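Given below, in the form of structure tokens, are the structures.
In the two complexes below, chain A is the common chain; its partner is chain B in one and chain C in the other.
And then the complex of A and B:
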């Protein structure tokens, strides 16, 4: 076997970034790198289509939006779609900032609460041996396989029965109990070596302390990923049947109302599509870049 | 006779013992229950209870307005014996899941693994590009441009220009093309939950494992993938599989948007489009719940099978 030297250029500032990525990896052939790059490039073009289209559409003036056959790329880019949208925003019955505040409450509340509660429950499921844990866990996995369209009416009945209809809680509380988050967190926590927790317990830390100071920092990629999913889910929520009052409706609803104003609003509609996609994308990028940062600085695993 | 009796009393004692140890165990693990409680109280209220109610509703005739009326197995019997469209949609769903499920699972893994080779900004950018169809809301709208049935549709235009075909094809209105087209669009959409979980999972693998493997004689990236990477991320692989199953069996939105509901000769009908047809259009919630229950059983069965296969990875 041919030994390869491990050269880590990553700490030396003068090495350009493309050198760093190549030299750091073991067992990599140039041909393989080239082949995979080509594959990524070709597929990447297809995958980027929706992004390209959304960005181009927002910049298109009205006549280009209605052009037939439609073209993907914009010819005379303009920002007038956004000015149109802002005019319409000032025109709403409820002040527009109200919708934004509603969305922030629902999205942040749903996301933070879910990440904390689901992580808190998945730690004992992954690491403690207590009676009933297998049943609880398999119920969560099974619940994801039931079509949500039919559970909506029973869920509506329960929310009315709890008397939280037409409040933020009607959206936030059910979202805290989504099955996927618990499953994801449990799978990541399972991988943590037991010794990690043991040593903290010997030092006298209680379970909650171990959870917060040892477990959570070590599964940061997991909860950042969960935050992305949950943000997307909550951001896309229009309030549906649960929020009746106009003052409680989220941004998503208000934006959709604007788009439904017909063909004259196609320009504003394109801007709306852009905003609806841009916010979760920004959040996504922040989370993704943090996932990487943690793992390069810590090597906590066995 | 005597031995039999002795056995039963023994059993009774051990049962009482079991109860006692169970109570002891539960007391000892108080903290665990306290940690689990907030989530599971909400989970029972908002997930378990609605699912149980739906399963009960599947044995009734329920039109949302009047009280449900118990009808026994009638809904299930009707599903399999009288409802031809259900059989078609079940067949479509199984074909659909059997093709998109494994392929998109592999694609998620493959792309997550390749992206993991890159560092820093390039990596974040690539992740975004490949996750884009999942984050842009209903991104499949793009496919309307490509698949438009006249000669201005991009695909038709391309094929006509190079004379593969003589006249434009109605991709979404021709029976034999609908399912393949939906499969391709779904594959394009498939880098979602599982993909991001894999990306995060790859990040948590200890780098020293790779160094050790290189010394142990792993020669190229493919061996490294099979012997080091995959076994180290088994929990994520299982998670990805479950997500894949729930997604590929429950496909509906794409089909309804592109092919319509009902689609031409039900070529794009899936179990969930059928369910939506009964649940939201005809308000036969009892029947819709029966469809959901059947789909649930189908997914649970598939999951059992898949998890058994996954346990063998890297062995």
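And then the complex of A and C:
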């Protein structure tokens, strides 16, 4: 029997390893691919530069931090800055771990609550028709226009009116009701085929069950994106005017204090900057690598 | 029979409201109330009481009249920041769509590259940028100033921009288009750093396109170009609106007019005028948003 002469697309020995794809690409030359990669590379360098600097700064000994002309890359890497930071930590008025716990409570509380509440609210908005739907939705968009800089005074009045001033809730509760998450989730849920939900209902699932077992797994890219977004928002929070007690202040506030300490604390400042930047990046990496698996596991065949 | 059906729909409606309720309560308390308060402030003169608390004196439209007739910079700042936002929308949307399509391909280290493109959002937080600034000062204007300034100072790279502008003028390119392109090139840095979230949203959108659609397109023999315009683009269309909304909000929050309103409230302590600024600019931005979204919405394809 003659061997079938089919071009073996899986043989891509001639493609450089960084461009190897699992599928055959349609009508795109390798040169074009290379060009695109180059573009991405150039853009990427500009974006990565501050991070490269942060990482190198944490490893630089003090004399290199002040070196002129400055060098990006560290010559004699040390972990001195971290030990500096630990020494500084022991001297602070409140134990440093307190700041970390505060940040974790605020970030996780704000993020999880926002994702769940926004998803819950966007499900009927996207998939059910009820009176007042459109008005509600335009109000959401309108509310997003009032940024925190502008509404700080009313916001403060409301927080003190609710008597949650100087508690974690002052930061967590407003973030739950923010419109962005609802908007994002609604746009994604609208794209789910109705038949998916109908079949579940015919099988006897209640609304909540449909929401939790059908809708949410299928919009996983959406809520993971929202989680990244919200995590970043909450993580960057310095507590502002809402938290007065030192025991309640988040990590960002501590960093600000250290940085304001000026040149004497430059090393410790560099170390804290690294920690503060590294956590959201790690979270982003975890979320993004999970986004990939959704479509393969979901049953969207009609 | 009919009655029973009615109760079922009613039950459904109540069910729907139950889903919205937790969010809606917070929304009313925190956002609607603050909008109402802002509107209230804009119509009155606010003075801080001696014991704490505040007093409102109703002054009608006085604040509005002052803002438009007498305040020196308000109108100018308003027009430039609104103009900038309109200019930035298409650039950011196209750039982020393009980038997300590149980042959606499978290659080694894709997640890391994505993270790099999300970096500006992460490093944007006040504490980190403060720390970066400090180290910049320590290094006496070192490398961290680079990415921003290198592009801003186009002349220092030895490229004569004016030569190219005149060259394109000779090709009878409309001046308005040319101006837009020149302005766009000057903004590259800002656009790249401002499209982090948009890229992530687009990636999620691209991931929610059923793979079977691409299979069909492939089997039918569609080219990459056709696949993009017939499959990818219609499917991400709803998220273009999402991103337009996000872009406008994000840009607006950092625009000059909001800064002006903020300064007015916290350095000049004129809350009434500050509320007027934010109210007027918000209304204008909302109108623009409604126009743009209406325009896109008509052309949007919804899966169902």
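Heads up, the rule we're going with is that the second predicted complex is superposed on the first by the 268 of 302 C-alpha atoms of A that agree within 3 Å, B and C clash if a C-alpha of one lies under 4 Å from a C-alpha of the other, contacts with A are read in each partner's own complex, and residues count from 1 in each chain.
Everything that follows uses one rule, which is that a residue touches a chain if its C-beta (ideal position, glycine included) is under 8 Å from a C-beta of that chain, and two chains touch if they have at least 3 such contacts.
On a predicted model such as this, the values are computed, not experimentally measured, just so you know.
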Fit or clash between chain C and chain B when superposed on chain A: clash
Touching partner for A:244 - first (chain B), second (chain C), both, neither: neither
First (chain B), second (chain C), both or neither touched by A:207: both
Partner chain(s) touched by A:75 [first = chain B, second = chain C, both, neither]: neither
Touching partner for A:32 - first (chain B), second (chain C), both, neither: first
Chain B versus chain C as contact partner of A:50, first or second or both or neither: both
Which of chain B and chain C A:139 touches, first, second, both or neither: both
Contact residues common to both interfaces of chain A (with chain B and with chain C): 17, 20-21, 25-28, 36, 40, 43-44, 46-51, 53-54, 68-70, 72, 117-118, 120-121, 123-125, 128, 130-131, 136, 139-147, 149-155, 157-158, 162, 173-174, 176-180, 182-184, 187-188, 190-191, 207, 211, 219, 221-222, 224-225, 228-229, 232, 236, 273, 276-277, 280-281, 284-285, 288-289, 291-292, 295, 301
Touching residues (chain side chain B, partner chain A) in the complex: 22, 25-26, 29, 31-33, 35-40, 42-43, 45-51, 53-54, 57, 64, 111, 114-115, 117-124, 126-133, 135-137, 139, 141-142, 145, 148, 152, 188, 191, 193, 196-197, 199-201, 203-208, 210-211, 214-215, 217-221, 223-224, 235-236, 238-239, 242-243, 245-246, 249-250, 272, 275-276, 279-280, 285, 288-289, 291-292, 295-296, 299-300, 303
Of all residues in chain A, those that touch chain C in their complex: 17-23, 25-28, 36, 40, 43-44, 46-51, 53-54, 57, 65-70, 72, 117-118, 120-121, 123-125, 128, 130-131, 136, 139-155, 157-158, 162, 173-174, 176-180, 182-184, 187-188, 190-194, 207, 211, 219, 221-222, 224-225, 228-229, 232, 235-236, 238, 252-253, 255-256, 259, 262-263, 266, 269-270, 272-273, 276-277, 280-281, 284-285, 288-289, 291-292, 294-296, 300-301
In the complex with chain A, residue positions of chain C that touch it: 12-13, 15-17, 19-20, 22-27, 29-35, 37-38, 41, 99, 102-103, 105-109, 111-128, 130-132, 134-135, 138-140, 142-144, 146-147, 189, 192-193, 197, 200-201, 203-205, 207-212, 218, 222-225, 227, 235, 238-239, 241-242, 245-246, 249, 252-253, 258-259, 261-262, 265, 271, 274, 278, 282, 285-286, 289, 302-304
Of all residues in chain A, those that touch chain B in their complex: 1, 3-4, 6, 17, 20-21, 24-29, 32-33, 36, 39-40, 43-44, 46-51, 53-54, 68-70, 72, 117-118, 120-121, 123-125, 128-131, 133, 136, 139-147, 149-155, 157-158, 162, 173-174, 176-180, 182-184, 187-188, 190-191, 206-208, 211, 219, 221-222, 224-225, 228-229, 232, 236, 273, 276-277, 280-281, 284-285, 288-289, 291-292, 295, 299, 301-302
